[in-house]
Each structure stands twice: as C-alpha cells, then as structure tokens.
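Shared between the two complexes below is chain A, which has chain B as its partner in the first and chain C in the second.
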Partner chain A sequence: MASHGAGPQRPEGEGTSSGLYGWLDERLDLTAIRTFAAEKTVPVHKREFWYCLGGITLFLFAVQVATGILLILYYRPSAEEAYESVQFIVTQVEFGWLIRNVHGWSANLLIGSAFLHMFSVWLLTSYRRPREITWVSGAILLFLMMAFGFSGYLLPWNELALFATKVGTGIVGAVPLIGPFAMRVLRGGDEVTGATLSRFYGFHVAVLPAVTTLLLGLHVLLVQRQGMSVPIDVEQAERAGSPPKSRPFFPDFFLRDLVLWYVAIAIIAALAAFLPWELGKKADPFAPVPPGIRPEWYFVAMFHTLKLIPGHVLGIEGEVLGILGFGVLALILIAIPFLDRRASRGERNPIFTAMAWLGIAYLVVFTIVGYLAE
Partner chain B sequence: MADPTEPDSHAGDRRRFLDAVLTFGFVSTAVAVAYPVARYMVPPASEEPSTVSAVAAKDAAMPPNSGVVFKFGNKPGILVRDHAGDLHAFDAVCPHLGCTVQYRPETSDIWCACHNAVFDVGGNIVSGPPPRPLERLTVNVSGEDLVVSRG
Partner chain C sequence: MRPPWLIAIWVAGVLALAGTGGRVAHLAAQPAGQPSGRVASGPNGCVTCHSAEREASLSAPVAAHRADVHGQRGIGCVECHGGDATTADKVKAMSAAAGFKGKLTGQAQVLACARCHSDAAYMRTFSPKQRVDQAVEYAASAHGRRLAEGDTRVATCASCHGAHGVRSASDAQSPVYATNVAGTCGSCHSDARRMTRHDGTAHPTAAVADYTSSVHFDALSRRRDLSAPTCNDCHGNHGAAPPGVDAVSNVCGTCHAVFAARFDTSPHKPVFEKACVDCHGNHAVVRPTEALMGTGAGAICVTCHAEKDDPGFRGAAAMRASIDRLSGHIAKAAGVVEQARNAGMEVGDQDLALGKARDQLMLARTDVHTFDPKKVEGVTADGDKVAAEAEAGGRRALEELSFRRRGLTASLVLILAVVGALTLKIRQIDQRRSAAQ
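This part shows the complex of A and B:
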C-alpha cells in the first residue's frame, strides 16, 4: 500500500470500522461519543423518579420547536391577517387543528414540567456545588419559557390575547424609572397594536429561540459533563461506605424516560382532540374588555397577588411594590446556589427546603384562589 | 441437570421478541407523526375559477400601438392594441419560465425580459426559448370597458 504524506495511517481490517461509519468516525470521533454514551450511568435511589423531569421538559420543548416551525408555514404576523391565518390553519389545512392544538397544549405541559423540574431540583438540593451554573441557566430557561408563553399567546390576535397583552405589558409599564420605556419597547409603540404583534412574533420565533438554544445547550452539556446529582443523604451514606448504585443510561434509563414521553404524547393527543383551543373573536382594539379576563394559568398566581396588594403601602404604590417584590424573588431564585452555603458544603439546609415548600404552597393556593376569585 | 446453554437460548428468543416489539412501536410512532406532518405541509387547494373575466382597461385609454398588463384572476394578463387598432389579449405568463411579459411600443412586440423572448402581437414566438406561444384570451368591448375573458 502506497503511503502519502506524514499523516498517521490506520491499518486496514481489524480494529477499524470501514464504510460510512468509519469515514465519519475518522472525522467526528464518533467512537468517543459512543463510549461516553455506553459508559454513562444514572444513580439509583428511592428519589430517582425526579430525574425524568429534565428529559420530559426537553422532549416537550422539541415538540414545540417542531410544531412551531410547522405553524410558521401558514401563519401571517400582521393585525390584518394573523387571526384569519390561524382560522385558515385550523379549518382549511389538513391536520392544521392538530398541529395548533398540540403546540398550545404542549406549551402548557412544558411550563408545568419546567416548574416541577425546578422544584424537584430545589428539594433535592441538586443546585449545590459544583452545579451552580446548571441551576442558574435552568432558572433563566424557566423565565424564557414563560416569555415564550406570553409572546405566543398574542399571536392568534384574538380578543382575549389582546387584552391579556395590554394588562401584561401594562404591568411592566408600572415599574419605576424604566417601566414606561420598557413598555414602549415591548409594545413597539404606546399601545398594543399590529406593531406589538410583529414584535412579539419576532421575540417568539427568533429572539427567544436563539437565547434559549444557547442556554439549553449549556444546561444539557453541563448535565452530561457532571452527571446526575445525588441527594445529600444518599451522598453521605455513600461516603460512609454504602456502595453507590447506578444503572446504565443507555438503554435502561433512556427507555424509562421514553415511556414517560409516550405518556406525554398520549396526553397531548387526547387534549388536542377533545379540548381544542378556541380561537375566539378577532381582536378589536376599540372594543371594551370582555368579562373574566385572566392570563394563562402560570401567571394567575402573580396576577392575583398584584390584585390583592392595597393601593398604597407605606407611601409606595401597591402595584409597584408587587412588581419589585417579584423582581427580587426572581433574583433570589436565580441566586439560590450561592445563598445556600450549607448545601455547598454537602450539608442539608432545612431553611431552603422550607422555602421551596413555601413557594409551592404560594403558587398552588394563589392560582386556585385566582381562578375562584371572579 | 438441564443444559446450561438452554436458558441462554430462551433469553435470546425473548430479546429478539422484545426488539421486534420495540421496533414495531418506534416505526408506528414515526409513521403516526410523519403522516399528519406530510399532509399538513401540502397546501390546501384554493378554488381557482377556470373561467374568469376582468375589465382590462378603458377603451379610451388604449391608443393604437399600446399594451397594458392587468390582473386576470390571480395571474397577470396582457392586452395589446396593434397599429391597425385590433385588440389582442393573452396570459401575460411567459410559457418559458413564468415571468410576466410586457408590450414594447418601439418594436411593436411582446417581450419577456427574463430570457429575451419575443412574441408578435398575435402571441406567436418570434425569437427566444419559449416552448409554445402565449395563451390567447378573448376580448370584448362592453361600452367603455375592454373586457377580457377565457374561453
């Protein structure tokens, strides 16, 4: 065999795969990825169920990307055509009703699973050293998912969406100093108009996906690099000499994950078929607000809290106080791994566990009360 | 005692069976997803009327040796009045690659700018790549209006 150049020559035959795989392997080092996948394991303990929530959230996000791209094929982002194009999708395009309803329902399940994922990670203190960056990126991803929900809600350009957006962006406008400016930027003007729709469409299909892709890539990469976190008590038991138990990621854990994804598909398909999203009436900026106006369920707790705060508290406008409060809470949520010093030393910290339960109780109670309040 | 290889061969059978069930499940899922997606991607047929008629121009606005492109259904049409004052109408879609043609008074022909195709006022090919002449439409004078229709 003639040899050209100084490059290493692999012997033919034994030890090297030939064909397409060999060609790609030589260039992409697929064997390293295969070895990684083959050796990846997931810890086994009595709270391992919660490991599946990241996977299901990622799966639902993939559903959103796929159905979102399909909706773009027919959707027209303008005040004149948006409503009609969604109407066209659900009445004229074959399976258009399915694609739209899967997108709408999967979005809601995605927000739900992202919240559950966040609280399960919190209660297992998986955010502790060295996984602080994974937590911070995850918390920001949760806010991004809510921004996706808020911007996507306006796109059908119906009555409810228009007023929900008026109220939502109006809340931003109440923030001291930067509020009015931020509201104008969000709305693309002083009022919610067709300009807002173009803008929200741009956020929904370009800005948010770009930022999300970067953060999600970082988030998932870190999980792969560092492996799954083990709860503190299990970690302590292992340090005390009890042998760590684990199962292979592939196929054992992956197939278990897959079962849950199939359950999610079944739920989404059933919801899409039996509880389709209404299109409602086309938005009319000059019509009075319809009764029972309420944001999507994942904003209801916040919305209801703002309603309950009195007009003035200690000379500060109540709404401003509420918004600033939520801002502070969001920052605390992001900073949890840096605030919980004890967990970083591998010790349990009941204060942060209590905070998680308090957060869950607040969200559940205020969401229910918000729905019953009208 | 039993042959120690026997449990292994049963395990192999079970594995093959499970693999087949899993593969069947995955393939069914792929089909169940791909079919609606494929049907969704095909745009629904828009009802296109085969016979349309449109007012192309006002009679007074068309002197001899002039042409106008007008909206004919959802496609462009072209109306030409030659030197003798006769009216001719065609689909303005070039039979070559679908560009819209135009009338050139200076050479008194119909011209496609995309690939320099030239038709005479009768729609016949003079030069250029088109495979067939322009599709002829019917012109009627209705009072002040020049009405073009197909068929």
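This part shows the complex of A and C:
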C-alpha cells in the first residue's frame, strides 16, 4: 500500500532485521536513533563537569514524576481528607514514607540543581546564538519548577503550609491591576480554603506537568539538535586552529551522568531516612498564625527582600514595587540572550558575567539572612 | 412605678422577716421618696457649691460622680441625699423641708440604694435583665442581720461598690469585679481590729490570705480565668454568709459537679462533717496531687485510717497504687512516643492513644471520690490497656526507624559498589581511547 507520509520511506525489505527489534525498526526507524546516539559527542574541556547539571535535573524530574504518580494512588485532595491521607501514606502504606520523603527531598534537590544549571549556563555564556530558545525554555522551566514547589507545599494541608500559602498568594494579590484577580484564581475564592487545595492539586498534577512536558521536550530536543555549547575561550581556541576535543555521549558521558545520578539517589535516601518530612498539625483556617511561617528555601531571598523594602518608596507601595522589580528581573533573565549582543558575536561580556555572580551572591546572602532573621 | 411608701414597707417587711426586730420600725419610718427620672437637667446647686469646696471630703464626690454609673445616666445627688438642687440657697437646699438626708450610713444607705434597685419596673428602664433582689438578699446576709442588730461596722452597699464612684460590676476597675473581690472583702475581713466583736471575740481574719494561696486565686489572678471562684462565688455576694456545713458539697459541686456526684454516692458522705473541706480545706484549697491520697507521707486518708488492718487504709493504698501504676504506664509510653517523634516518625495515632489514657487517669482521679477501690481499679485498668497500645505503637515506630536505617545502609553499600564499578568502567574506557589515539 502506498504511503502518504511526509518523510522518506525505507524501501520494503531493505535494511531490515528480524525479530522484535526489526518489527519496531521498520515502524519507528530505530536505526536512525541508534546512529544518532552512536555519533553524538560531548565536547571535552576543563569545565565539562557543568554539562552534568542538565542531566541530573532531568533525572530528578523523572524521580518526581515516578514518586508523584505513586503518591496520587493514595492522596485525596480535599480539606477533610488531605492531611489524613498523607498520614495514611507515611504510616500505613508499605514504603509510603519512603516515597513521600523521596518526593519531598528530590523536589528540593531538583530546584537546587535547576538553579545551578541555569547559573552554569549563564557563566559559560552557553545561551548565545543559536541557543537563545534553549535558554528561554530553560528559564521558564525553572519558574515552572518553583511553581511545582509552591503548589506542592500546600498539598499535605498542614498548618505551616496553609499560612505560607496565605502569605504567598497574598503577595500575588499585591500585583498591580491583575493581582486581586490572579489571587482569587489561585485561591478559588478570597481565602485559602479547601477550594485552594483542590486547585493547587490540579495545577500540581495536571496543568504544570502538561506545560512542563511540552517545554522540557522542546528544551531537550534543542539540546540534541544543537549539541553542547562550548565556552567562548574554547571556541576561540578552536577557531585559532586548536583541534576540538570530544568524547562519545554513549557510553563515555552517559556513564559519568549515571555516577552522578547514583550519588543523588544515595543523598536522597539518606535524607529520607535521617531527615523525614514532618507532617505537622492539620491545617485549621481559624487557628492563630503559628510561629515559624516561612516559604520554601528557594523563595526565602525574595520573601526577605519584600520584608526589607520600606512601606512606601517614591509614593509607590513598597510591596508592589518589590513585586514589579522581581517581575522585571524575571523578564530580563529570560531575555539575556537577546540583551547580550557581544556574546552573540562570540565575545565575552564581563557585564553579564558580573550580573550572574551578583545574582548568585544575592540569592545566597538573602537566603541566609532570611533564615537568620526569623 | 411602685409608690415609695410601698417600697419602704416592703423593705421593712423583708428586714423584719430576717429578724431585724425593732430597727425595722425605724427603717420604715424613713421617707423613701421616689426615683424622679434618669436625667438631671438644668443647673445643679449641689455641684456648684461642692465643686468650690476646699475640703476634699466635700468636693471629691462631685468629681467621682462624673465617672459613676449613676452619674453617667443622669441620676443626680438628690436621688440619694434628698434636698433641693434647684436653689442656690444652701440652707434651703439642705433643709429638712426639702427632704435633705445628708451623708447616708447604715440602714439609711441600704434603703437609699434599695429605693431604686428593688423597683423592677424602674430598673427595667435601664436594663431588662437587671436583678432587683439585692436588698432582700442583703437583709438575709450576715452583714444585713448584724446591721439590723445595730452593728454599724458591717458592710453596706457602699462598702463594696463605693459611694460616688460606683462602677458596673463588669468594669475591671470596679471593686466588685471578679479579680478585685478578694481585695474588697479583705479590706474588712483581714482587719483584725475591725473583725473583733463587741464582746471581744474575734472573727477569723485569715480567710483572704488563705484564699490568695489557693489554686482558685491562682487561676483567677495569674491565668485571668474569670470562671475561677472568688469570695462571693461560695459565700454569695449580697446575701454573703458562711456556707452551712450541709451545703459545702453543694457549693463546691456548683463547679465540680462530677466530683460532688461521686462523693454523694460514697460511704464518706454521711461521715464527713464538712464534706469537701475535710480533705481539701476551704479557703486555702491547693492543687490536689496524688500525694494527698494513699497511706504515705502527706496523705490525708491516714489521718482517719491510720491502722494497717483498717479497710480504709487498705482501700486508700489500693486506689493510690492503681493511679500510680497508670501514671507510670503513661509516662513510659509518652517517653517512647516522644523518642520516635524526635527521630522524625509519624506518631499521630500514638498521641491519640496517649490522650485516651490520660482521660482514663483523669476519670480515675475523679472516681477516687467514690472511695471505691474496685471502681478506680476498673478505670485505671482500661487506661493501662490504652497506654500499652500507645507504647507498643511507639516501639513499632522505633523498630521501623531501625529497619529504615538498616535498609539505607544496605542500599548505600549497593550504590557505592555500583558507583565504584561505573568509575572503573569509565577509567577503562578512557584508557582504551587514549591507547587508540
């Protein structure tokens, strides 16, 4: 039967092998994938370690998906049952405690590795032409990971999560023009209630995963199509005639990735066994605000900054100014490849390198100060 | 509104019923008058003159009256003191013809207050739930009876409420506000000279000092628990009198109803002359502990049941042993559960079981008032079972923790082995590639 497909067709009986592989190869063109994988190489230079951060972030995301699916089997997203269902998971379900703790700790390591990945790419100027879209998708993925963290924090429906979500969604409500509407959309009403829990659950297990999968697919596809970027000085040396060094992705680089993934598993297992996530007290919207309310560590720097901004600056409400500032910074972060014109010409730009270090210093210092201030 | 002569006759009748004898005739003869209304309008001659008085005792009432609950409702001087506030002529204003009564003391003062406060129709115009039985109660009180007998040193309305700066009883600055009552009563009842009777016998003066050492005062003053009792909650306020011996368990049972019900079924009920007071004291009620019970040092039971072959002695020892056993089980279980919690284990169910065991302990302490060792043992035995469940749950959590750590060690060894093997493989590949180049 004649094929009407757009791609080139392999002539029947040509280059096929027998068995299941042959059957699949004929239909999925596995040989092309194998050839691509066999020919894929990774540049070799003294900063090649940073290439592993993308892989470990992807691995931790896979861990989140796997453990998340297992948790969904028992979790019940309602104000009446959420807390009890998590309690059931950690006390009654066989290895439920392990799955919940791995999910919790892996989420934190995932966001940590995503931050490190972003800053390593920034400092290596890997966002330069033609990888602008890879950077933009990666930056948005980082925000999505933070959204995963924010929505997941409420799901155990305990006291700390309830009040932290009140504060967090309250900050969203301070955004000019769309803030009050956005806050009502997030909360499913004026207050954080069971409706918010259902909504956050929907975001956490459906909306965010769908968007993330699409964007992650694009991100990984672009990395495969364009290959690994090399630092500017290495690129300049190659242009000057230095022979490019590389190693095969399979198995050389993949095995190195695998070592790091095993180390990550070991760290997560140790954290799960020695520092299990507390269940806390069941959320009670009418209870007084408990002490020690704070967001997850990756929001602490921003949260503390908002606290330090004076009530009014130049006639503008301090909190509004802070939120607008973070919004502008997020847009600048996404637009870096288009702003750094020198990098697009293959030249180093000390201003953007300094911005990266400034960003790291800000996050580290304000996170530490934020914790110490409580 | 009730006519004044009728109120006067009625108060006199009440006092007569309370055994006031010849003084009633004197009270009934006082011109009672009628409350004229709430709001005093126009110039007030009393205020004009007394404001200008240099003598503080004459000018102070004017200032105090401005904050007075009566003053704020427009009830002026003449409503109590009589006289004519509309004239600037002092002599005329304070003449007998104008009904001037001067400074009110003793029964005249009680009558002045009762004139309005016993008039239900009049008081309803201020508050629909305002009580109007204070004068009746006062007449029956120890204070009222002694006043009727001619003892003018006893408390009258103004002694507790104040004269010109009267505040609502719900006002925290009022001398009759719950937290101030002991001080108000103590101003007389802690005064040994005042408490010495005409015949030289002394009325006890330690009651307020004893009360301030009690668990009740602690709750009221330190924890600001306004439901905790103060003097008037046991003795009454307007009808203040020592509770009769038969009434003690009823008085205590007003709040401690379950204890009182248990005690009423006990063999001690017909024996204890002062009911609750026999063991717990009256004013200096301290927080009861297990030490009060049993046969050891500090135990009250042995004051009556001192002999070892006395069934009461054995019963006291048995009840104490039951309660001590349950307390010990709870403490042990709580320790295990806490250890598991500190290690990060979820122990919500165990906390629930511990709560139930503590409830049983509380119930056993209550059932001690039946003085029935078998009943107490039944309750503590149930508590023992629940405490044992909590302890077993805590131990399971600790075992689970140990299992997790063993599992972690095994998995870490396995991971380390895989990482080692992978590292060797990577090195081998690198060496092979170097050799090939």
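Simple rule for what comes next: the second predicted complex is superposed on the first by the 358 of 374 C-alpha atoms of A that agree within 3 Å, B and C clash if a C-alpha of one lies under 4 Å from a C-alpha of the other, contacts with A are read in each partner's own complex, and residues count from 1 in each chain.
Please note the rule applied: a residue touches a chain if its C-beta (ideal position, glycine included) is under 8 Å from a C-beta of that chain, and two chains touch if they have at least 3 such contacts.
Since the model is a prediction, treat every value here as computed from it, not as a measurement.
Once the two complexes are laid over each other on the shared chain, residue contacts for A:R294 go to neither chain B nor chain C.
Residue contacts after overlaying the shared chain place A:Q87 against chain C, while chain B stays out of touching range. One of chain B and chain C touches more residues of chain A, and that partner is C.
In the superposition on chain A, A:A270 contacts chain C only, with no contact to chain B. Of the two partner chains, chain C is the only one that A:L279 touches; chain B does not reach it. When both complexes are overlaid on chain A, the residue A:R184 reaches neither chain B nor chain C. In the superposed pair of complexes, A:I99 makes contact with chain B only, with no contact to chain C.
Counting contacts by the rule stated earlier, residues 98, 262, 265 of chain A appear in both its interface with chain B and its interface with chain C. The touching residues of chain A, when paired with chain B in their complex, are 70, 73, 92-96, 98-99, 262, 265.
Those residues of chain C lying in contact with chain A across their complex are 344-346, 348-349, 404-405, 407-408, 411-412, 415-416, 418-419, 422-423, 425-426, 429-430, 433.
Contacts from chain A toward chain C in the complex involve residues 87, 90-91, 97-98, 247, 251-252, 255-256, 258-259, 262-263, 265-266, 269-270, 272-276, 278-279.
Residues 29, 36-37, 39-44 of chain B are the ones touching chain A in the complex.
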